[in-house]
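Everything on this sheet refers to the single structure shown next.
To keep things simple, chains are lettered A, B, C and D as they appear, and every chain counts its residues starting from 1.
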Amino acid sequence: MAVVTLTINDELVSAQEGQTLLSVLREHGIQLPTLCHLDGLSERGGCRLCLVEIAGNNKLQPACVTPAVEGLVVRTHSDRLVKYRKMILELLFSERNHVCAVCVMNGNCELQWEAAKVGMDHVRYDYLNPSLPVDASHERFTLDHNRCILCTRCVRVCDEIEGAHVWDLMGRGANSMMIADLNRPWGESQSCTSCGKCVQVCPTGALAQRGSSVAEMEKQHDFLRWILDGREKNVWEYTDAKSN
Amino acid sequence: MGVLTDPKPRVKPRNAAGGQAHPSGDPRFKLIDRTLKRFSYQQDALIEVLHTAQEAFGFLEDDLLVYVAHQLKLPLSWVYGVATFYHFFSLAPQGEHSCIICMGTACYVKRAAEIVSALQAEFGVEAGNTTADGKLSLNTARCLGSCGLAPVLVMDGDVVARQTPEEALARVRELLLGAARTPEAMSELTPLSATEA
Amino acid sequence: MNRADLAAMAQREQDRQDAFRCRVLCCASTPCLSSGGTAVREAIEKAIKDGDLDADVQVVSTGCMGPCSRGPVVTLKMRGAEDVVYEQVTPEAATRIIQEHVAKNEPVKEFVFPNDAPFFAKQHKVVLANSGQIDPESLEDYVARGGYTALAHVLREMKPDEVCESITRSGLRGRGGAGYPTGIKWDLVRKSQSDKKYVVANGDEGDPGAYMDRSLMESDPHRILEGMAIAGYAVGAEQGFIYVRGEYPVAAKRLERAIRAAERRGLLGSRMVDSQFNFRIDIRIGAGAFVCGEETALMASIMGKRGQPVPRPPYPSQSGLWGKPTLINNVETFGSIAPIILNKAEWFAAIGTDKSKGTKIFALAGDVNTTGLIEVPMGITLREIVYDIGGGIPDDRAFKAVQTGGPSGGCIPAQYLDTPVDYESLRALGSIVGSGGLIIMDERSCMVDVAKFFLDFCADESCGKCAPCRVGTVQIYKLLDKITRGAATLADLETLRELCVMVQETSLCGLGQNAPNPVVSTLRYFYDEYEAHIRKHKCAAGVCALNEKPMSPAVVAPPRPKRKVARLDELEAV
Amino acid sequence: MPNRIEPIHPEPTLPGAKVVISNAPKVRLATVWLGGCSGCHMSFLDLDEKLLDLAELADLVYSPIADIKEFPHNVDVALVEGAICNNDHLELARQVRERSKIVVSFGDCAVTGNVPSLRNALGLDDVLTNVYHEGPGKAPHGSADHVMPQLLPKVLPLHQVVQVDVFLPGCPPSPERIWAAVSSLIVGDAVILEPAMRTFG
């Protein structure tokens, strides 16, 4: 595969052609916040946290879907970008009821941590405080819409890895909601295999193991790499990291 | 981008022989079957099939969505997601009569919002809903493309131009009393019939 | 059917029409019908029957004639005389028109809309040339006015690259909003290598206050089909789709009939017009989602999915429908193609301004005397449109602003009335040409309220995929609502401005990127109005309730400590 | 594993009190308890021996742990715990703002509304009906009985009613966090917290 050279924050960097900008940045230790991206799933480009500036392009581009091409000049942490990331997190926190203190993911949550990392320590917008249900009908898992940020990792993992497509989004705009089958209680879903992949990939406490109490839920994304390596490269290495 | 631009249907569509007919034997399902056949059961015909289903049944009840999903071999949540994304599809039965108030820019500038509040107050129903007795569905539209006649209402399919809140109230009351249609009743705005499409 | 057959068909239809001493054209578009057009037509037919004029007079239902607020409109074509347009025709007037004008050649003066009125005189009809002149359901009528000859010419005389080149030379730019050069877009698709390509006509006219596309599809459907077929030939596509807004059943019906008629005559379909070229057109009915005007969302919708956009690149010209190169143009753009081919690119390029060529259709609405559909050369001033064509503001009230470009556009105040209407000039004013809605507002409109109206629209129509648009539009709306309730402080105004810029720059698609435009433009031109709401609790137009007080009273800034204590957010911005 | 969540609570890095005994007058420190559980104050008390260091530099001029009736004037630093739930909170918050140089939003309830704001999704009437009128311990309605402060339609974070200078999230903020902020503030330094020290929750 061809090697291309790009300039990232004034430094020359080489990358494989066709690699996404996000993976190049991560290889070089440049951390960008992401919420909808997850290695192993298709890209969505929806959370807009990984937006970067590209010279000659007057629009900000999401690193997760932008391919690395020869001569690209990229800036990842300009004042404007840092400010926008903070504002986007403010918007996400204002949208639903993200009450970290009483969330199963408290302390392990990607949303919580991204906010801390970019320094989003208060939300200037009005909290929308929608009234949203909690679906605890499944025997093993729970779905709390109050914590959902509509990243659709669950939709994608269920469709692309498990092949069940239990989840999808209904409605649109701020009224979008995760649904199982025909908007039925999760426990009544006939397509759900109870595999739990959606729970593991969920960045927040929206999907959790039943019985988890505040701050007890931890998630493992490792299985995804393991499955994909197995499928794509026929390598089924069972290491310690994957056995927990 | 896999989900959205995946060019290949995930399951090989069956051919025109089609799937099992609906067990109820309701003849309206034949209309749906016809559309399904016209599109050779291709999954990308989902919206067209839902259009036909809604025309035939008036709204999309769960049973209907399940039928469509099975015929097209699509996941249920996919079908439900599409049906709820578009404003045109209704998952609840509509009232006997309908009144749509255009809230396009021209109508808004001509104070259509006052008509909406007047009707909401009078009939005790929020726009987008049907009265408890199932008599009247009150809806707003984003623009009916009749901006020259603002503000515009559509009552049971008839376009009514240049309304004041008082006139609109009177018209809806008349409608509910079963008064005759306005003389300008137009065939033009009735929905495309399923057979013609 | 070959070119000779086409010419013969045109001649036959022309002869048939010439056989009538008089042709009565009744506008059968929605505005005229809802003003009583059906009764008018019945009265005309009865009067003709009563007067025994059947053999002499033909009555035709046509598409839109333009002055919609003056409907029902009827045009009288007497052999050897100029056309006479009648406005606000009542059934009684209709009877008189037949009895006096048709039978005795005495025009009914009080209902005549003079041809030399600025409403008509300032217009230049290219795309709308047939609208209101032909029966939209008659292929023959279209052919008699030169229809499909451009297609026949292209298929026989031109190579695909020549067609693209010709469109490029004409200077035609996309009529859907962004104004991308059409010829260049065509050429990109033409050059993309693929076994299959698609052509899509975007008829999902979602802007509230705009109905150009509906009118064109209803009044002259074949023109769009012809433009699409030419495009198909130019880019190498054999399949086209017209995506028609779900609210426009009449347009869908007429297009469907037009496709059938054209296919029957061999003007579409396999080996059309006696050539080796095949082109099929299918209709897809939208289901009510403004975001589907965005091209990637539109394609998702055509493929039966939730109408959510995907990041570009890749652009549709590389990877569109089912991953194949796809050309997407607005229906009005396709409507401009045949005249460009027939009259040559230079003719089209001579109309309009340096960078914006040709004509543009606008839907004129709001607080203006004559509302309706107009087609004007690019570069005409807003003043000419409002005061000449539109006849000014009713009751001599003061003009306040014109809103262009719908929810993605902005409000232009009175001091810019002499701005020429073209892509660059309007953009410089913070608005856009857009699809062509022009809403005129007088002093009774509150600009904060108008901005709020558009944000309510955008928040409702946001697809929900990207966070800035999904939540940002809601928060912008809430801030505006706060201002109109009287609960805002000046600090909120800053928050509002900052949020607008962020949503513009970070949203995934055009809907979010342009959603804040109505706020940004009104903040720019009507800042004092915002300020009056906040500082003085005053809405000059008397629209806003302003019955609340701000939660946080204007804080008197406390004396700062000697050494500055920075706020965390200031320090952590690295 | 790019998405591996890094540990959120690394070893606390305390800046250490730059305690310099001087003749300068002591900083006037206040702590305020609005709509919250007092957990933040408990955490404050967990400063333990640091409280002694603090006492060297600051006078506690108002606090729920000190019996002072009225919020005094000329306060240098005010730590405000709790969300704004009712009229009394609103009034006190405004008073604190007027009389203090630096107002610190102290803990998640003040910063985000946190648990008290859970009622916002339900609507005020429903909350009152469910909890006070139909629940086991029927209680008088705020508006009917002037003894009870009237509830606001929505619970608000502190910065939505007054200007806030420093945000100190956490439920409660750990003593380490509190010390990191307070030790800087009382010597007039800017508050700089590492990511792990500024998470919500």
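The working rule: contacts are C-beta pairs under 8 Å (C-beta built on N, C-alpha and C of every residue); 3 or more make two chains touch, one makes a residue touch a chain.
As the structure is a computational prediction, the values presented were derived from the model and not from experiment.
Engineer: Could you tell me which pair, C-D or B-C, is linked by more C-beta pairs in contact?
Structural biologist: Between B-C and C-D, the larger count of C-beta pairs in contact belongs to B-C.
Engineer: Could you tell me the distance, in whole angstrom, between the mean C-alpha positions of subunit B and subunit C?
Structural biologist: A distance of 24 Å separates the two centres.
Engineer: Centroid from C-alpha atoms only, then distance subunit C to subunit D, rounded to Å. What do you get?
Structural biologist: Centres of subunit C and subunit D (C-alpha means) sit 55 Å apart.
Engineer: Find the geometric centre of each of subunit A and subunit D from their Cα atoms only, then give the gap between the two centres in Å, rounded to an integer.
Structural biologist: Roughly 32 Å, centre to centre.
Engineer: In whole angstrom, how far does the Cα centroid of subunit B sit from the Cα centroid of subunit D?
Structural biologist: Whole-Å distance between the two chain centres: 52.
Engineer: Identify all positions of subunit D at which a residue touches two or more other chains, and write them in rising order.
Structural biologist: If we look for residues of subunit D contacting two or more partner chains, we find 160, 167, 198.
Engineer: Which residues belonging to subunit A are in contact with no fewer than two other chains?
Structural biologist: 44-45, 65, 119, 121, 124, 126, 169, 171-172
Engineer: What residues in subunit C touch two or more of the other chains?
Structural biologist: Within subunit C, residues 289, 306, 310-311, 461, 463, 568, 571-572 contact more than one other chain.
Engineer: What are the touching chain pairs in this one?
Structural biologist: By the stated definition, chains touch in these pairs: A-B, A-C, A-D, B-C, C-D.
Engineer: Residues of subunit A touching subunit C in their complex?
Structural biologist: Those in contact with subunit C are residues 44-48, 51, 59-62, 65, 77, 79-80, 82-84, 86-88, 91-92, 94-95, 118-121, 124-126, 128, 149-150, 169, 171-176.
Engineer: Where on subunit C does subunit A make contact in their complex?
Structural biologist: On the subunit C side, the touching residues are 289, 291, 306, 310-311, 459-468, 470-475, 478-479, 495, 498-499, 502, 505-508, 513, 568-569, 571-574.
Engineer: Name, in rising order, each residue of subunit A that touches subunit B in their complex.
Structural biologist: 42-45, 65, 155-156, 159-160, 164-172, 179-183, 191
Engineer: For a test of understanding, state which residues of subunit D touch subunit C in their complex under the given definition.
Structural biologist: Against subunit C, the touching part of subunit D is residues 76, 94, 97-98, 100-102, 156, 160-163, 165-167, 185, 188-193, 198.
Engineer: Using the touch rule from the top, collect the residues of subunit A that touch subunit D in their complex.
Structural biologist: Touching subunit D from subunit A are residues 26, 34, 38-39, 93, 97-103, 106-110, 112-113, 115-117, 119, 121-124, 126-127, 129-132, 146, 215, 219, 221-222, 225, 241.
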